[in-house]
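Working notes for the structure below.
Labels run A, B, C and D following the written order; every chain starts at residue 1.
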Amino acid sequence: MNTFGTLFRITTFGESHGAGIGVIIDGCPAGVAVETGQIQAALDRRRPGQSDLTTPRNEADRMQLQSGVFEGISTGTPISLFIPNADQRSDDYSHVAHAYRPSHADYTYDAKYGRRDYRGGGRSSARETAARVAAGAVAAALLAHFGVRVAAYVSAVGEIEVPLGYEKLDLSLIDSNPVRCPHPATAALMEARIRAAQAAHDTVGGIVTGVAFGVPPGLGEPVFDKLPAVLGHALLSINAVKGFEFGSGFAGTQLPGSEHNDEFYTDEIGRVRTRSNHSGGSQGGISNGADVYFRVAFKPVATILQPQATINDQGESITLAGRGRHDPCVLPRAVPIVEAMTQLVLADLLLRARGNRV
Amino acid sequence: MNTFGTLFRITTFGESHGAGIGVIIDGCPAGVAVETGQIQAALDRRRPGQSDLTTPRNEADRMQLQSGVFEGISTGTPISLFIPNADQRSDDYSHVAHAYRPSHADYTYDAKYGRRDYRGGGRSSARETAARVAAGAVAAALLAHFGVRVAAYVSAVGEIEVPLGYEKLDLSLIDSNPVRCPHPATAALMEARIRAAQAAHDTVGGIVTGVAFGVPPGLGEPVFDKLPAVLGHALLSINAVKGFEFGSGFAGTQLPGSEHNDEFYTDEIGRVRTRSNHSGGSQGGISNGADVYFRVAFKPVATILQPQATINDQGESITLAGRGRHDPCVLPRAVPIVEAMTQLVLADLLLRARGNRV
Amino acid sequence: MNTFGTLFRITTFGESHGAGIGVIIDGCPAGVAVETGQIQAALDRRRPGQSDLTTPRNEADRMQLQSGVFEGISTGTPISLFIPNADQRSDDYSHVAHAYRPSHADYTYDAKYGRRDYRGGGRSSARETAARVAAGAVAAALLAHFGVRVAAYVSAVGEIEVPLGYEKLDLSLIDSNPVRCPHPATAALMEARIRAAQAAHDTVGGIVTGVAFGVPPGLGEPVFDKLPAVLGHALLSINAVKGFEFGSGFAGTQLPGSEHNDEFYTDEIGRVRTRSNHSGGSQGGISNGADVYFRVAFKPVATILQPQATINDQGESITLAGRGRHDPCVLPRAVPIVEAMTQLVLADLLLRARGNRV
Amino acid sequence: MNTFGTLFRITTFGESHGAGIGVIIDGCPAGVAVETGQIQAALDRRRPGQSDLTTPRNEADRMQLQSGVFEGISTGTPISLFIPNADQRSDDYSHVAHAYRPSHADYTYDAKYGRRDYRGGGRSSARETAARVAAGAVAAALLAHFGVRVAAYVSAVGEIEVPLGYEKLDLSLIDSNPVRCPHPATAALMEARIRAAQAAHDTVGGIVTGVAFGVPPGLGEPVFDKLPAVLGHALLSINAVKGFEFGSGFAGTQLPGSEHNDEFYTDEIGRVRTRSNHSGGSQGGISNGADVYFRVAFKPVATILQPQATINDQGESITLAGRGRHDPCVLPRAVPIVEAMTQLVLADLLLRARGNRV
């Protein structure tokens, strides 16, 4: 299933070393201004080679808009975005054609399909997420019509965590450093932490925090497509993600109900508000108008430049070491992916909510 | 959207105080032995009034099998399970007809639909999960054909946690105590913790750990319906759930890649295995044959027997206190719900995997 | 797949001789007045025993509204309608437990599922359409909010056809005779035709014409869910249907383009209209505001009170004759089914069209 | 909705005069030999300029395989096929930018979306069907693994009809003439009929007959996705189609049940067969192993080289005449489209049937 969404739906395709990767966006309403510059800008935040913290692979990721937009405006027909693979060096990967790299998808793809395109991870490559980022930029353009805005940032790298909640941070600083952490002091520590991993030929994981501002009350479809359920689905479908929590999350399990409950009040302009927001903007699976915030756990990158024991597709023991160009930490580049998946979810739920009343 | 699943699909319906609740299971293959006794047994583990740790409401939850089974065997047609509401006392709820209870779904249902059935929470009541549990029992019967078995237990109540991983516990002890924790010493502490909350007219949250044994390699559909993504969706759709993590989860973000990676080896009977299982049985979103394990965070129950400040549907400040019969801790009764959603996910992915090779 | 529709979705269940049949309507917007009397009235038009032209089986078809409606108004949650099977005489069917009746679904159900509930045709019984009719009445209530109205009538029985198009008939006469043909002179001939078939222990087929009035421009989702495609899907899913044509249909293939084309003009109140309506209200798969009309072919009922050669499930030749209570002609009772499926399609497309513009 | 299918799913995109058109095939099992030559051959049967009976536009329709196939074999990941638009002359269409051509989709697209890409009909152009044909060739490769084969041919042009049923024709002659009619004498008459329409600056419609051979018993999903219902949906979604009938179709409504019923027998090798096939290979919506055959009605092409009265998007009366290069009859080029949609339906139902038994 390479399709996500009910009304605002994306279908992605493509492998790391084929002709390219792409996405079809079906169900984008007519009338949305789709600017290729904005889509390209989103892609540029995800692409390799942005800083010396990321893989030096230089994928230009030049996006082609192929359909669904006429004179700069969406027409209601499918929007196709294609990103040709520029930097294909298949021979780099011949050594893994028959190897099962630890904690990669080589074995499971073989187990499922009986074969796989082993070049650069094929379909299981994180390169697939570029298609999501491109689509997310279109979703963001739709959301902008309704005053909804999404932001994400790196809140932890390994054991180094931002000491403040999102509401106490200046989110305009997210892109002020290569780590994409809006708390500059912590960002510096994170950067050092990533370099240390890199120096040790090792990798490190972390956490991305996401927030959606301006989400109107009423989004989320009980009982299975609750806002956090769909959001969790979206984020857990990103490569390397191991966990998702929203609002008070796992820590909230330790609060008593009397403290966890968010009391309602009416604000000065008559809006229903809550005094706290342990709910993370969702009650009963439906948005309540408060900020929707959540955290996403990313495991350390599986490709490490150290020898590891593993097996090949004949079941024989082999030793394997990563080579070439790899990220020591995926977190900085994960930020636009988290944003994109969140934008896609909200765009879809926004359209779905149009059917809620006669 | 009250439907979940692609091939093994359930649609639930019903409110807390209407005629009853139910579920239609569509896509169950013909040939599965469907025993009403097993379904009823699953429901009995979820129903209120099982022990003095749970609400004393006495809902018998007598399930009626209405279609899709002939002479004890599924026929391939939709299976309808209906549970009449026996214990309806609508007048209990008149005081909340116009109130927005903190951290309940009263306000968001009104915001979304413009109206709601306020009796007992209506559709947002946790009673809806009985339908899931009934359906899960049918999924379990299907999974049994393939040697797949699911177990869940309470691994934390408030700050009290089981000190061992699932693989070191005797899971046959899960139902040996009312908390459904297979570590008896911890279970005793949890029980005391729940009673303390109850005595304080307060509530407490916690964590359920789930495990699926015998999952064959190859389940999970890249790139959006990865095993953890669909599982996360399923579990995050349960009332009161705030977080989901699988395998190493959030803690895994602090491990170096060299430690987190699961090395492959071939076991004595030629199966591909991993020496560790930080992956939680899923690599690239596809099961690898190892145990699939995960944790689910439940917030403290929102209904507390203390006065709370809130507003009514006119936006006026009011004070509200829960009354009547409520659980101080949802965890023990959440165990069969977590199992059911896991069974539904695996049954669906198992059928979907039949399409993976020509 | 027992679910139909994308946003206004129904899931039906139940067999002819089980506990009952039913339908879950998911996605009905909140705020629709759902009157059980209207649903029951629709069911009464479909039920057996209405006149001596139909089977004398007396199925009361008393519908139970189980969820989704509070104080007479839909709440946005799933609406469950259940119709218990009152008149179950399983022993009537023992002679067909192992027989494959010609042109019935006995063999194909066995071929597909390896087993079947043979009592009264089980799931393949036309009784299943009662659930559709009940759901259609709810769809009609939704459509009424938007001024959309659907009508159907019998336009042919065997070789006897109404000599006029729908636009020249007084559709208020549809229910003025047991055939449900609004052209009284033809109705009399049809009635005689059905009685002749009955007397010959034979059956006869025919055609139902359907019309939707007041369909706003813009319904239908290119390129696969065009209005006629979804409508055709819906109508071809009814038991015994062998063909569907809309607008000029098969006859239109013989017109030159210059005659077939519908010229546009602007009417006195500024609406875009067409001078002819060979298009049947759909151009490019999208409604254009003109009447949507179509014809549906029903084969003669397969159960005949004559001996027929066939085989049993062991492949042995046997002779079989229908017994008991059967319709000589399904057409009069098919009228409300055609209406219901049309209403369901239009309700769904109406909701889907809400996503077409930002 | 630009997606069709449940397990074998296609999503098409692109407009007549944009960058190109394409299709993503999701759910094709791994292990299917996908030959670009076969896909191109299918496209060549649909492309313009094949003979002097069709539009002289010369669209080379060179297909690019972009993903999902590795070393000639499908990998289970999405297959992307892209066909760049080579022959774009946007200025040809400036005269229709604001005109509503009779019986085209100009008005309805504007009514639905508030805007449209008017160049060459944009998304409503029959060019979109090239994507379907390309996908159908992949479905055909899958079907070949199971011995299923699909054929279609022109059985009527205007009032000229092939006098024999498909089972009495030599279908190897389909491509022996430019009309794609396997009855040479009738083909000659049809060719003359098309030339007469062309000479009169008019157009003519007709009927395509389709047949699927080797369909195993058990395909089709009651109660809504019955084989004829899904097939009808597929075929009615093709541009210009006005009707669909299968088996005995509309004519079957005039047969008595005693004649219409298909008696079962067991053939010499023990297979269940029917002596006649009025059912068209489907009983109760499930294939019975007999040939699946059906007829599809195509209206005359709407673009005629004569002046017609119509309006513009301001509602003003105008006169319009088609210009340039258009087909006088769409039937010969419709044959591969009918085949493709049939192949797509059968491939999907074949995969879905894998879930029918435990």
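A few comments on the model shown:
Assume contacts are C-beta pairs under 8 Å (C-beta built on N, C-alpha and C of every residue); 3 or more make two chains touch, one makes a residue touch a chain.
Predicted, not measured: the structure shown is a model, and the values here were computed from it.
C-beta contact counts were set side by side for A-D and A-C; A-D has more.
Listed candidates were C-D, B-D or B-C; the one reproducing the A-B interface, defined as more than half of contact pairs identical by residue number, is C-D. Subunit A and subunit D have Cα centroids lying 39 Å from one another. For the pair subunit C and subunit D, the distance between C-alpha centroids works out to 26 Å. Centroids built from CA atoms put subunit C at 46 Å from subunit A.
Within subunit C, the positions touching two or more other chains are listed as 1-3, 12, 27, 30-31, 76-77, 109, 112-114, 123, 222, 352, 356-357. Interface residues of subunit A facing subunit B in the complex, by the touch rule stated above, are 1-4, 6, 12, 100, 102-105, 107-109, 111-114, 123-124, 128, 156, 158-159, 197, 200, 202-207, 217-218, 220-226, 228-234, 236-237, 239, 241-250, 252-258, 260-266, 270, 272, 274, 278-280, 282-289, 295, 297-304, 306, 308-311, 315-317, 352-353, 356-357. If you check the complex, the residues on subunit D that touch subunit B are 7-8, 27, 29-32, 74, 76-77, 142, 145, 222, 351-352, 354-358.
By the touch rule above, subunit C contacts subunit B in their complex via residues 1-3, 9, 11-15, 18-22, 24, 26-27, 30-31, 64-68, 70, 73, 75-80, 82, 109, 112-117, 122-123.
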